[in-house]
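Presented sequentially are two complexes of chain A, the first with chain B as partner and the second with chain C.
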Partner chain A sequence: MHELLLFASVPAHQHHELLQQLAGLTAMQPRHRVERRLVFKAHRQPGLTNTRVGASQDLQGAELQRLNKMLNGGMFYTQVVGPVAQAEFGAKPASSGGAADVYMSGMEDKLSTPAYCYEDQSWKLEFRDIPEAGTRSAVTARLMASAALPKGDITIPMNAWGYSFVTEYVVEGDVFVLNDIVIFLHRVLLYPSGAQESHGPRRQLPAYRELSPLERTGSYVLQAAITVQDGGNQEMMKTASQHLFGLREQLKSAVRLEQADRLSLDTRAK
Partner chain B sequence: MSDSFSLPLRPLIEKRDRPDTLPVDIAQINARWGSFRDVNEDTLRAKIEEEKNRGPYSDDDEGDKAAEDMDTTEQLEQLYKRRAEILNFAMQAHMETLFALDFVSLLLTKHTDRQAETSMSAFLKQVAPLGSLNSEIVNPPPKSEAVAQDVKTVSRGWRMQNFNAAANKLLKSATRLETEVASESKYWDEVLAVKEKGWKVCRLPRERQALGVQYGFMEATPIFRDRGLAALRRADDGSLILDKGLAPQKTRTVRVRVKHHDKFTGCSKVPGSSPAVDSIESRILQARDTVYEEELFHELVREARIMGSQGVTTRQNLVRFPISEEQEVLLDLVDADQDTDDSKMESTEHDVLADALSHSIRILLAYAHRQNLRRRTQPPPPLSQKRRHTPEYQLLRPIMAYLQHSSHVRSLETFMTDIYQVLQVAGLKCEFQAAPFSSVHLSRVHPSIPKVEGLVQQFLMPFESTFSGNLATPQSSFKVRIRTNPAAPPFGTLYDISVNLPQYPDVQPPSRIGSQREAAAALTHFAMLDIVSAIATHGTKLSKERPRKDTLAWESPFPHHGELLALSDDDRGHKLIVSLSQNELMVETFPRSGPEGLRWSPGDPSPAVHSQTWKLDQTGSASLIDFITEVSREW
Partner chain C sequence: MSALSKDQIKTLEQSRQRLIQLTHSLASLITSLNQGDPLPPWTSLQSQATIISNNLLTISAHLSDNRDLLSNIVAYPDASYPSRVPANNVALEQVLRTKLDPRVEDWVARGRHTGAADYGLVGTGLGEEVLSELWDWAPVEANQEARRRNWGGNFTLEERENGVQNVVTGLRKVLEDDDDEEEDSEEGEGEADEMEIVGVRRRSGAGAGLEFDIAAANPAAVAASSKVVVPVVPLDEVLRFMTTGVMPGQR
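Now for the complex of A and B:
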């Protein structure tokens, strides 16, 4: 699948107004979304890259070629995304076993603040390639793939696949849908730096107000995205970018949607 | 404002410094009208009248009058003639202009040859060399004092006239502006009133200067969604006009009629034509209702087309579907103000049903709109060449399923009640419970779904009703589940019967029963089998209790035929036949000629035929067990 994107920077004071405008444009209420994002880095597992190099006369089977490419190709950073509810921040961790039930049934107000349970956290793997270079159209296009992952502690399977945990952050924002375009007005929040945990994803979430925006001014990013099933189909890609340009034209008086800098979206691991 | 500042627009007319002297006036009058002797009041009045009548456009009036007299062909001829004249004049003017242009160009070539050359005609360029014409200023001969005076007076007069005309124009436009302002503010007041009522007022997408009001439904099919926008135009006097473009102005609505035995027996209420108060609000409401109704009918037809296999037929403006053998429902789109042909309505027996149906389809369409919103606001699937098909809304299917299901359940319930009453009349202790629509659980709705949607959702799921009960023998019981699926195949209603007969463990009903008659037959058969086994057990019990020689022990070698056999001491066979139907239970005994003879010959005078019938509405007769006991003792 391919993804076509346009971005715009939205200053904090314009955020509310833009929310209203987008709600009017898309004729829907914003869907608030808070996501944990874990960044993983691929590393070469020793002993797996022992395929023959050179000897071009030695024709390799298509399968083998593909495998080689996958193993020796570029290494990428990938993200693991888990949706969370805002109420889950700062909640006490759910204790396991029957004791919790007794405790819960006794306390009515406990029900209103759901505890965050890391074991039940669902995850999605999001792979994004570096945007295509030298595209003539003025949109950012990149290869993408998403896959559902098992619930709970994700580091073990990820480590097994050759990924190591790097860092994590939180994305908070609102989603709108306009026909094929998904509009995501969001900003990145960082965990409080004081209590640095051990090397791995957090098992408990700090209070929501303790998170600080990455951008000190509190500004947001507006991202308009279309996914295309077949990136090789030029006609579809063209249609998709036409749709994005249409949106850019409609939002012209509010924000300036533009292509992102290619190298700033580089996901390759060096 | 206008009082505070006023500007004199008309030129001041000064008193003439030198009024005409009387002799001059008299001389003028004499010159124009002749001698004073001929002038009297009457002739003057007549002249004034004549002038007045003729008016400024008297020539045109004559032309019009003439035109009225002419017939069409002449008019046409005249039209062509006039047109030719106009063309002639235009061409002539064109030519003259070209000549003038040539002349001026040629004159100018003397000074600016390049520029002037461009506007010269090719012919002139050939004929006359450039710069061959010159002009010079010639001093005119000095004019006489009187001529100069004349020119001065004339130009003064012209100027006066022009000032006057300008003043008139200004004043006229001022009044025009005033009325314009009044009507404009009236228009905006009305627009604001519409907005304050909560309607969405916006700019028209195709006509950026015009205002529009959105009354349609955002989630409707695109063609109907786009029709939900009408321009708010201003009439000359400033009142608001709702301009829907080419869409018809009539109120249209979907009418539901019920036909019973080819007679119309019910019709839904058609809202009356537009109310007496013709406010802009009522017109918007009417437009909204009409667009909703038309969408409803469009979707009904769309859905009906895929339901041909279930007996739904469509005509150009009619959808017809059967709900039972003798009833069918007709849906059509009618004008609201059209007289409902009451003469054709045989009765109003099913009006309630028709009304309920008409409300249901509207609620279901509103539900479909909500589902559309839900679908629209989900992240879309990746763009691909496959076009997404919008599924038909569920409008007819749930209704048909509901009606079909309830008709099946009701008829089975009637049947069961009858059978059980017969059994009870016969003194057999048994009962059954009916749980119609046991699948509908309003409390089971997921809390995140709005209540209204949850309510409707229950009626889009397969319907299920259950009947359960015990039979005459203690351990035997049965259970019937009736299922109707509105959306997915298998369509229609299925009976799922399970029985528990300890005496006949092998007997099981067919797995899928589709028709009510078959289900009833199967249930009757099971009840009959049960009675047979009850008689057999009763017989064995009786013989165990009081082992007497003269008591017959009934056995059932052919239980499925309802036959029991017994052998008395003197080797005379006896046969007992049980037959059960919805209305009656009949038990007959026959003597058999011998153990070998299968048939009792009709010629044999037989006083020993006993028979007893229990009917539905019968009371106070002996019970079946008593009868069996009695006939068992006979021999």
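Now for the complex of A and C:
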């Protein structure tokens, strides 16, 4: 699948106004969304890199070559995204063993303070390639793929696939849908530093108000995206960019949607 | 009755030409007013008005130069004029009229009246004192008048009170009486494109001069603009953090 994107920076003071404008434009109420995002980085598996090239090349079967390429060729950062509710921040961790009891006995208690259960956290793997270089159209286009992951602790399977945990943050924002365009007005929130070291994802969430925006002034990022199933279909890609340009025109007086700097979206691990 | 000399005919011909020019420029002004929707830009209107005024000036000069001749000659039908054709009779009757058309008579009367009034003033004029008094009075009065009006609408208050449908706008398009919306928008905190009315009043205390106070702009807008904070982290850095977890400025 391919993804076509336009971005804009939205100063904090404009955020409320833009929400209204987008609600009017898309004729829908904003859908608030809070996500945990974990950044993983591919690392070379020891023992797999030392295949000798050169003299032994002709001895490698095609299968082995392909495997090597898959394992060592492209090394990428990838993201694991898990939706959370704002109410789950700062909640007491529900012990995984006693969860059933809580459900059975204390429903009121459960409702008043919804617990965050890391074991029940659902995850989605989001792979994004580096945006295509040298595209003549003024949109960011990149290869993308998403896959559902098992619930709960995700580091073990990710490590098994050769990915190590880098960092995590929270994305908070509102989603609008205009025809085929998904508009996401969001900002990055950071966990309070020092509380827990970054060897793995947090098992419990701090209070929401303790999160600090990455951008100190609280500005937002406006992202307009169209997903194209068949990225090889030039006609379809062209139509999608046209739609994005249409949106850019409509929002021209409010924000300036632009192509993002390609290297800022570089997911290749060096 | 002597025949006209060559010069005299030339004079008549010139008058005719100039009158034709005048009617042409008048007609073009009228068509542009009628057909332009919205009205043609004021620059074109003004240039047309200048042309007409120049035409009038030349005609007036020409007429007064040849006053003797033009006031003495009379028209009479030649025997060879084909007066039996009814269509020609109209022109003939026009030419042979000794009195002016009643409508034209009205115009002339009005013109003479205005002219006389102006003429009466030329001699006297306004004294220095009266003039300065007038200039002193005018800005304040004009401003008060302006403040009394509700700017930004197609009709004045008087027109609205008397019924909008009675107003002769001279325009082809139907103007909307957007009274309701206007009131709404005024209750909501003013509009950005609204004209600012500058308050003028006499400066209290010493000396001449006027005080100008610009009507305070929409307070909400002022408050908002003071809150404007430009993001310190550029978009690229935010995106880079989101992709690879590299903190801004750590690269």
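Heads up, the rule we're going with is that the second predicted complex is superposed on the first by the 234 of 270 C-alpha atoms of A that agree within 3 Å, B and C clash if a C-alpha of one lies under 4 Å from a C-alpha of the other, contacts with A are read in each partner's own complex, and residues count from 1 in each chain.
Definition applied: a contact is a pair of C-beta atoms (placed from the backbone, for glycine too) under 8 Å apart; a residue touches a chain by one contact, two chains touch by 3 or more.
All values derive from a computational prediction rather than experimental measurement.
Visitor: Report clash or fit for the pair chain B and chain C bound to chain A in the combined superposed model.
Guide: clash
Visitor: Looking only at chain A, is it chain B or chain C that touches more of its residues?
Guide: Touched residues of chain A are more numerous for C.
Visitor: Can A:V175 be said to touch chain B (first), chain C (second), both, or neither?
Guide: first
Visitor: Now for A:S137: first (chain B), second (chain C), both, or neither, which partner does it touch?
Guide: neither
Visitor: Have a look at where A:S219 lands relative to chain B and chain C in the superposition and call it first, second, both or neither.
Guide: In the superposed model, A:S219 contacts chain C only, not chain B.
Visitor: Is A:V39 in contact with chain B, with chain C, with both, or with neither (first, second, both, neither)?
Guide: Second partner only, chain C.
Visitor: Is A:T227 touching anything from chain B or chain C once the two structures are fitted on A? First, second, both or neither.
Guide: first
Visitor: So in the superposed three-chain picture, is A:T267 touching just chain B, just chain C, both, or none of them (first/second/both/neither)?
Guide: Only chain C is touched by A:T267; chain B is not.
Visitor: When you line up both complexes on chain A, which piece of chain B, out of 183-191, 255-263 or 453-461, runs into chain C?
Guide: Of the stretches 183-191, 255-263 or 453-461 of chain B, only 183-191 runs into chain C after superposition.
Visitor: For the complex, give me every residue of chain C touching chain A.
Guide: Going by the criterion above, the answer is residues 224, 227-245, 248.
Visitor: Using the touch definition up top, name the residues of chain B that touch chain A in the complex.
Guide: It comes out as residues 218, 373, 376-380, 382-385.
Visitor: Give every residue of chain A touching chain C within the complex, in rising order.
Guide: 7-9, 11-13, 37, 39, 41, 77, 79, 128, 166-167, 169, 171, 188, 214-219, 221, 260-261, 264-267
Visitor: Spell out the residues on chain A that touch chain B in their complex, using ranges where they run on.
Guide: Those residues of chain A that touch chain B are 1, 27-29, 31, 175, 177, 179-180, 182, 226-230, 233, 236, 239-240.
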